[in-house]
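Okay, so chain A shows up in both of these, paired with chain B first and chain C after.
For the complex of A and B:
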């Protein structure tokens, strides 16, 4: 059963909701009703798990224990099992907190993968990894591409299987910030998204639902063919600059969460992974030109 | 004797170069030489630089001067990161 088919009675505060997110299974229990509403909307195509199912991450989003904080300036606490890794944030940010917290759960624990901070998209066998620092326009570009027909493997966490060097899709929602939100809403008015949460520590944030086809193909792993480092710069004409293989290799290490933790396995995985890929720096100031450039890769 | 420090592994990518990793030091290095036999020789150990130079000349069919320069630069990089036994 998918989350969209779940009865509303299962989505009430305090209930535990279990579902699969790619290779991971999670349980969520929340004191905040909007977390269930947003999950039901944004993760609607993901599979629900039975109550007895073992899960990888047991997440709780809870109210403060303080009586005053339950009514005045309400706060949200994130828990993984008994751990509370973060300071609390305002309760209206509970759903983004779930997303950020789930990123943390995966990046801190899933060492069966070499994990890179990068988006991944695929079309006609062309699989592009987009590592980039915050502010480079990576997520906006990813959203533009996947809502124009590319398959989303990941917006944030690239999971490279250490055994095969293939990328395991996650197809979780795309997290957009500030001006990017209106850019994507205007370009794709029919794409489902969460409510905009204003004034978080990252600015205004909004999560856009991954295309259904990307979720349906969540088990289809891909071999990377390109590594592209995008940089949006307003009014700049599109330009590309080929990167040497070793530059791309060290760029991936710099963006990796666990290369050093994995040791030799990380080295072996990354040397296999980089083999046969083409790498470029991409600078652009016009989204349409960038989309056309990516389209040309698939021809 | 010139030899890689123990626990050093190499991966040569043709047309690009060779990635080197030392497990104990967690050190990753890239050398832009894609002559696998050169790194195999360093793994086994050689008596002196000229043996390494010969490997390069034989594989790349380049001049001895160019090969010596490549050997010197490579050994210098490896020694700086303590990847060669002293």
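For the complex of A and C:
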């Protein structure tokens, strides 16, 4: 059964929601009704799990224990099991908190993967990894591409299987910030998205639902063919600059969550991963030109 | 109340019978309690790891990858510490987690820890602190009150954090807080030399005594199961090595000599219970039962702490017990005329923090 088929009664505050996100099974329990509403909308194509099913991460989003803070300047606490890894944030940010928290759960525990802070998309066997620091326009570009027919493997976390070197998709929602939100809304008015949450520590944020086809193919792993470092700068003509394999290698290490933990296996996985890929720095100021450039890769 | 973690540690064969739901709980509580790596080690050394479902295995192996990397890092840090302190003639004793790695105790298996604990003589604390600073370890922030709290009352100074590697050193000048009435000079504990670096660590008996004293004077228990299993492993290592006398006699003698019976008897009570050593357990129980509060309040409270997978899920009685242990730890730590002003001060400070403006970001605490 998918989340969209779930009865309304299962989506009330305090109920535990269990579902699969790619290779991970999670359980979510929240004191905030909007978390259930948003999950039901944004994760609608994901599989619901039975009560007895194994769970990798038990997540709770809870109110403050303090009686005053339950009503006055309400806060949201994120818990993995009994741990509270973050300082609480205002309660209206509970759903983005869930997204950030789940990223943290995966990136600090799933060392069966080499994990890179990067987006991954695929079309006709061309699989592009986009590592980039925040502010480079990586998520906006990813959104443009996947809502124009590319398959989304991941927006934030690239999971490279250490055993095979293949990328394991997650197909979770795309996290857009500030001006990007209206850009994507205008370009793709039919794509479902969460409410816009204003004034978070990352500015205004909004989560856009991954295309159904990407979720349907969540078990299809891919081998990377390109590593591209995008940089959006206004009014600049599109230009590319080939990157040597060793530069790409160090770029991926710099964006990695757990290269330092994996030791030799991390080195071996990454060298194999890089082997046979082409790498570029991509500078662009026009989304349409960028889309065409990516399209040309698949021909 | 479930107690999967300690049951699985004591009886790894249980792995054959667990449901997927049980495994979810083992993973979730095991992660909270810092027990994943240690349970994996127990399962492996009893050759039952093949009964762990494929879906669950990565949680254990991921934890082990972390622990293996930690061991490499700790050994390098110990070398650095020894170069910094020993070259200046400061005798340095490695304690707890880092010591277990240095002597290759079985306690190192699956043990994730944040701080490297080292002990120097009280008279050399300032020299040691300055020496570590020259190598890049600094205090994060230290108010005058903190300074006084740590230096006059406690047994360690504020943590020192390395500016590049972010490793944390807890620099101790004693075992128990100076304000504890059972406080004794740390040089009474017996040390041995480490093989790989010119640092010291406690011998087997005192390693147990030190770990037990800490655990049974604590008031908060974020990873109680990990801590009690540390003691179980240390006891077994001593038992394996002691030729003429049994481990429990050696520990009892040592505890008496150091005046630590109040804490060590409790520790032995729980260790012997877990090891099914009935005879010795009864003997220690009769020693503990002499004090009514200990027997009827402290012991049941600890019993909950050292069996429950999650102390956050206790009932009313359990929570009263936890509150007692919290109060007890403070009463042990400081006499009332020091404790009451300290608690008032902390309370006001915490209230101020609580109602400060929202933090700018939700980053790690």
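The rule is short, and it goes like this: the second predicted complex is superposed on the first by the 299 of 299 C-alpha atoms of A that agree within 3 Å, B and C clash if a C-alpha of one lies under 4 Å from a C-alpha of the other, contacts with A are read in each partner's own complex, and residues count from 1 in each chain.
The rule is short, and it goes like this: a residue touches a chain if its C-beta (ideal position, glycine included) is under 8 Å from a C-beta of that chain, and two chains touch if they have at least 3 such contacts.
Small disclaimer: the values here were computed from a predicted structure and weren't measured.
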Chain A as common anchor, with chain B and chain C clashing or fitting: fit
First, second, both or neither for A:179, with chain B first and chain C second: neither
Which of chain B and chain C A:264 touches, first, second, both or neither: first
Touched partner set for A:233, first chain B, second chain C, both or neither: neither
First, second, both or neither for A:253, with chain B first and chain C second: first
First (chain B), second (chain C), both or neither touched by A:275: first
Touched partner set for A:244, first chain B, second chain C, both or neither: first
Touching partner for A:13 - first (chain B), second (chain C), both, neither: neither
Touch count on chain A, higher of chain B and chain C: C
Vertex chain A; arms to chain B and chain C (CA centroids, nearest 10 degrees): 70
Where chain B and chain C come nearest after superposition, their Cα distance in Å: 7
Common interface residues of chain A - those touching chain B in one complex and chain C in the other: 260, 263
Residues on chain A engaged by chain B in the complex (per definition of touch): 244-246, 249-250, 253, 260, 263-264, 267-268, 271, 274-275
List of chain A residues in touch with chain C within their complex: 27, 51-56, 58, 66, 73, 80-90, 97, 100, 109-112, 201, 260-263, 265
Contact footprint of chain A on chain C as seen in their complex: 19-21, 23-24, 27-29, 31-32, 53, 55-56, 58-59, 61-62, 65-66, 68-69, 72, 310, 312, 354, 358-365
Chain B to chain A touching residues, read off their complex: 9, 11, 13, 16-17, 19, 21, 23, 26, 28, 30, 32
